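So, here's a batch of structures to check.
There are two complexes below, and they share chain A, which is joined by chain B in the first and by chain C in the second.
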Partner chain A sequence: MNVRRLAPWLLVAAPLAVFVALFLAPLVNLFALSLFRFDRSVGVVGGLTVENYTKFLGDPFYLGILWRTLRIGVLATLASLLLGYPLAYHMQRCRPRARAYLALLVLAPLLVSVVVRSFGWLVILGPNGLVNSLLVSSGIVRDPLRLLYTEGAIVVGLTHVFLSFMVLSIAAALARIDPALLRAAQNLGATERQTFFRVVLPLSLPGVAAGSLIVFTLSSSAFITPALLGGPRVKVMSYLSYQQTLLLSDWPYGAAIAFVLLGLVAGAVLVYLRVLESGRYGVVFR
Partner chain B sequence: MPPVLVELREVAKAYEGHAAVRGLSLAVEAGERLALLGPSGCGKTTTLNMIAGFLEPDTGSIVIGGRPMAGIPPHRRDTAMVFQSYALFPHLSVFDNLAFGLRMRRVARAEIATRVREALELVQMAGLERRYPRELSGGQQQRVALARALVIRPGVLLLDEPLSNLDAKLRQEMRLEIVEIQRRLGITTVFVTHDQEEALSIADRIAVMSEGRIEQIDGPIGIYHEPRTEFVARFIGDGNFLPGQVAGVEDGQTRVDTAAGLPVRAARGRQRPGDAVVAMVRPEKTRVTLRPERLENSFTATVRAITFLGPVTRYQLLLRDMAFAASLPDASHLAGVEPGATVHVGWRAADCLLLDPAVPPA
Partner chain C sequence: MSVATTAAPGPAVGGHEPAAVPRPARRGVTALGVFSALVYAFVLAPIVVVLLSSFTAADYTSFPPRGLSLRWYLEIPRNPEFVESFKVSVVVALVSGALATVLGTLAALALVRFRFRGRDALNTFFLSPLMIPGVILGIALLQFYARAGITKTPFSLVFGHLVITIPYVVRLVSASLAGLDRTLELAAMNLGATPWQTFRRVTLPLAAPGILAGAAFAGITSFDDVSIALFLASPHSVTLPVRIFTYIEQTFDPLVTAVCSVLILIAAALVVVIERSLGLARVFGSDAAGR
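And now, the complex of A and B:
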């Protein structure tokens, strides 16, 4: 093989090495760990077993946390989609300058540390926080509502950050639509509304899909935001795994929990993509 | 005379202060094929977009079928456009692309199927209903775009550089086909092109545009043989341009003193003595001979180059210090003439046109 043929491989070699060393190897390691047994007095014991998985899948308490995690992921994705689509659509119709400012605004939450951001929500949603003070002082409710440490709080906190990914990926898809297509639709008799639902929306589906995948995977695996806004009472999978691994030192069980989450998120993503691709406008994904 | 279907009155449009169309008036007769011809950037697409309703004119008015179009959105105008990029919906099959306009018009399902089939047969694309645009060649996409516009039976068909993305051979074929289809349907057609050959071969009438205005509007023969301005003459076909001044008018002829110092006789024009004019003669209207001929214009010239082009032989001459081109269908009488030789070049006064000089843009 000559150098010319080899060059691309040499170029990807470095990032590939990093990927294998820092991501793939620990993942394999972790999976192996999830097949070990844990003994309170001895620690991790060798010998392969699926005991950790059967323990998880057979216990309604753990399954409840799994469903909650997926529910939070779905809700945060839906919220980002419903808020993000109009925003992205509007951005695309703005002049370039206004569009740049809007993009900056959308990205702003990412510039703030996740801890600071979550504390912000603690202040807003707390018993004496902004929302409750307004509700109580205006007489809508008598006693402060419990807004914090709920699934709702987690969804709000996650949507706040991940909305930006949704907006950017939808905006990118919208930007790729040839403006002549919109004119063609109107020329053929479509109102603006019909043009949106029959042309713009179907053609932006790849952006919706990409944004949803990003938001869903990030939300289902988020750790700090759910830990701060949900607390120990509203546990999610990442927190459960953390608890088993670091607080109870049951590394194999913690690893198994991580893999259950990974498997379910990956499965959900595949099903989602398959549904979109086999749908009426599947051709836009090819 | 057939009734006027589309009328533009003193229409103007500017983009952010930059005028794209300036006071353009145009009447398209029912059933005719009218070409808007002009160089890139002269405002053709802008004009078409105003007819379709994608743009509102800043001033002036557009009337289609007797109805003023001010404030009427594109979807309520009786026009159908074939876009330069075709603008086929990539997420819809050929069938659904064609059915789009019919569904918007709430045409019954059974009728949609019939009309789509008929339209596809018209453009010789029957059987490709289930394909997606990306699975079609450029020529096929072009046909689908045409069928999609025709299937809604619009009053006016608008085409924006419809053939510019096709290769030369396909373009020739599609020209013929567009004319045939238009004839069969009798549909009023406005098409935009920067290609003079395309305009000449497709249009009943050609509106030559420059800088957002119409320079001249006439049939292909009129535009070619009787251009009124230097711009039109330069844009369509080749010519020898001799700028000068009208010296006098007599015996139905005009004498022009050209800047190169040649006294030229031309057919009588509108100009008066003292007016600046450009005398123009097409290369194929000239005679090149070894001895002077009895023509109203006859000069000696030096041969610079001889190019045999098949149907014609082209002589590049030096007339005084000026380049001059002559195209001869038969050059047998010049056998043995080589570059550097002295010959006689001449043309009839009747073949020498007087044009208004191109005004440099203000």
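And now, the complex of A and C:
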């Protein structure tokens, strides 16, 4: 046997074994489990069935949770875009030294655990929190508002957690724009505003697209932030799956919900990419 | 994420290349500057609020804090479960970070240095855990362990974390190997070095920054993980983020504020260390498409 042909397989043998045993096998096993039946008194019952999936897709309660998950994902993506684009643009206009410090400010929160950051929002939005203290002391409201355990709270928390990815993605796209194009636009008499809308914005769209895709997939499948800021009252798909498996022990149904979520995220990504490539600026994405 | 491969790594933020976007002609405060400052305030708000409210003297968490004291910090040692969990987290992060670095580097070497059938498929396979929501991986692993009769030990946590940390190592090390000047290796071999000597004395030192960045990312990812550890933690090996998560699902008294503040201070120290040694943008900038 040729050593040269064997070498890469010797190198990947160990990591590949780990991945097959701890990643592929558990996922296949979970999918198989989603095709089983669950009986409260007996437990998991054999016999392949798509019952769990039809139960989910035929029940308005569960479909409502599916739509809520999508809605929260879309809103968090839009919010991070609205906050992130100006931030990335401003960052690119700064001098390199200042830019490095500002980048540090965007990156540093990534080292703080998501639990801690979501907990920060519990403190800010809680009945004794920053927002309610300001509202009550300024006399705008008499009693603290209930801000926690709402969809809004989840969107705020997710936007905070994933904003960095949006900023990084857009900033990278802005940094790749050839400065000569901007000088050319100005030479040809374009105002700063025209240069932005006709040159900078279209050329930064790949960054916007990549950032949006990252934020959407992460926020629609996030677990910790929705669990803490929404709780059992405002359930999303990931929480529902956690509840069915770990809390209610209905493993087959919980497994089916997990795969519906996976399908939703994968489907959204495919549709999104298809739309982008066929759109007006399709050429910049190819 | 799948997306990060479409978004070429390229020089991201924090580099020293000239700004592509024109610098404003006029100085001073602009609307864009004000807006950005507000967004930075939004980014820092929850972190600052947790830090400040941990110094409260009251029995409940509030912002602004009532009074000023260190009583809740002094309370931490009296709750050994937090201290114990911290130790578990550190051990799990170190062990899984080290294992992931070795395994991920091996995979990266094969993927970058060799052309073989199935290479692209392997590459996708090694990055694919990043596309699977953490909760689903956690549920899948728990069910799999139960079925295989593996009892929950700290090792089951380490194994679970390998799956989410190896992809980052593969990507960061691949990037650094791909950017490596191969004529240096050829020169070493020309001068009579064996392949192993060349690897030990030339390739490894040149790839070291990438490997260290991968190790740092892997360790931090493991330390911060909740969605997998929540399912795999046994009563005797609960990691700190999971402990905090289950604690604040019930109540959030100032004790947990103090614990969170300690974690924030550790993260701040890490920011300084990583920025000084590897550059934060290098570790997190080009590969921030994590979870």
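Quick notes on this structure:
Everything that follows uses one rule, which is that the second predicted complex is superposed on the first by the 262 of 286 C-alpha atoms of A that agree within 3 Å, B and C clash if a C-alpha of one lies under 4 Å from a C-alpha of the other, contacts with A are read in each partner's own complex, and residues count from 1 in each chain.
Following the convention adopted for this analysis, a residue touches a chain if its C-beta (ideal position, glycine included) is under 8 Å from a C-beta of that chain, and two chains touch if they have at least 3 such contacts.
Because the structure is a prediction, the values reported are computed rather than measured.
In the superposition on chain A, A:D178 contacts both chain B and chain C.
In the overlay built on the shared chain, the residue A:L276 is in contact with neither chain B nor chain C. Looking at the shared chain after the overlay, A:R198 reaches chain B, while chain C stays out of its contact range. Residue contacts after overlaying the shared chain place A:L188 against chain B, while chain C stays out of touching range. Once the two complexes are laid over each other on the shared chain, residue contacts for A:L81 go to neither chain B nor chain C. Within the superposed three-chain arrangement, the count of touched residues of chain A is higher for C, of the candidates chain B and chain C. In the superposition on chain A, the residues of chain A contacted by chain B and by chain C overlap at 178, 186. By the touch criterion stated above, chain A contacts chain C in their complex at residues 4-5, 7-9, 11-12, 14-16, 18-19, 22-23, 25-27, 29-30, 33, 83-84, 86-96, 99-100, 102-124, 126, 128-130, 133, 160, 163-165, 167-169, 171-179, 182, 186, 192, 195, 200, 206-207, 210-211, 213-214, 217-218, 221-224, 227-228, 231, 238, 241-242, 245-246, 251, 254-255, 258, 261-262, 265-266, 269.
Touching chain B in their complex are the following residues of chain A: 178, 180-181, 183-191, 194, 198-199, 202-203, 281, 283-284. Residues of chain B that touch chain A in their complex: 49, 52-54, 73-75, 79-81, 83-85, 87-91, 100-101, 104-105, 132, 148, 152.
For chain C in complex with chain A, the residues that touch the partner chain are 1-4, 6-24, 32-33, 35-36, 39-40, 42-47, 49-50, 53, 60-64, 103-104, 106-107, 109-111, 113-114, 116, 119, 122, 125-126, 128-129, 131-137, 139-144, 147, 159-160, 162-163, 166, 170, 220, 223-224, 226-227, 230-231, 241, 244-245, 248-249, 252, 256-257, 260, 263-264, 267-268, 270-271, 274-275, 280-281, 284-285, 288-291.
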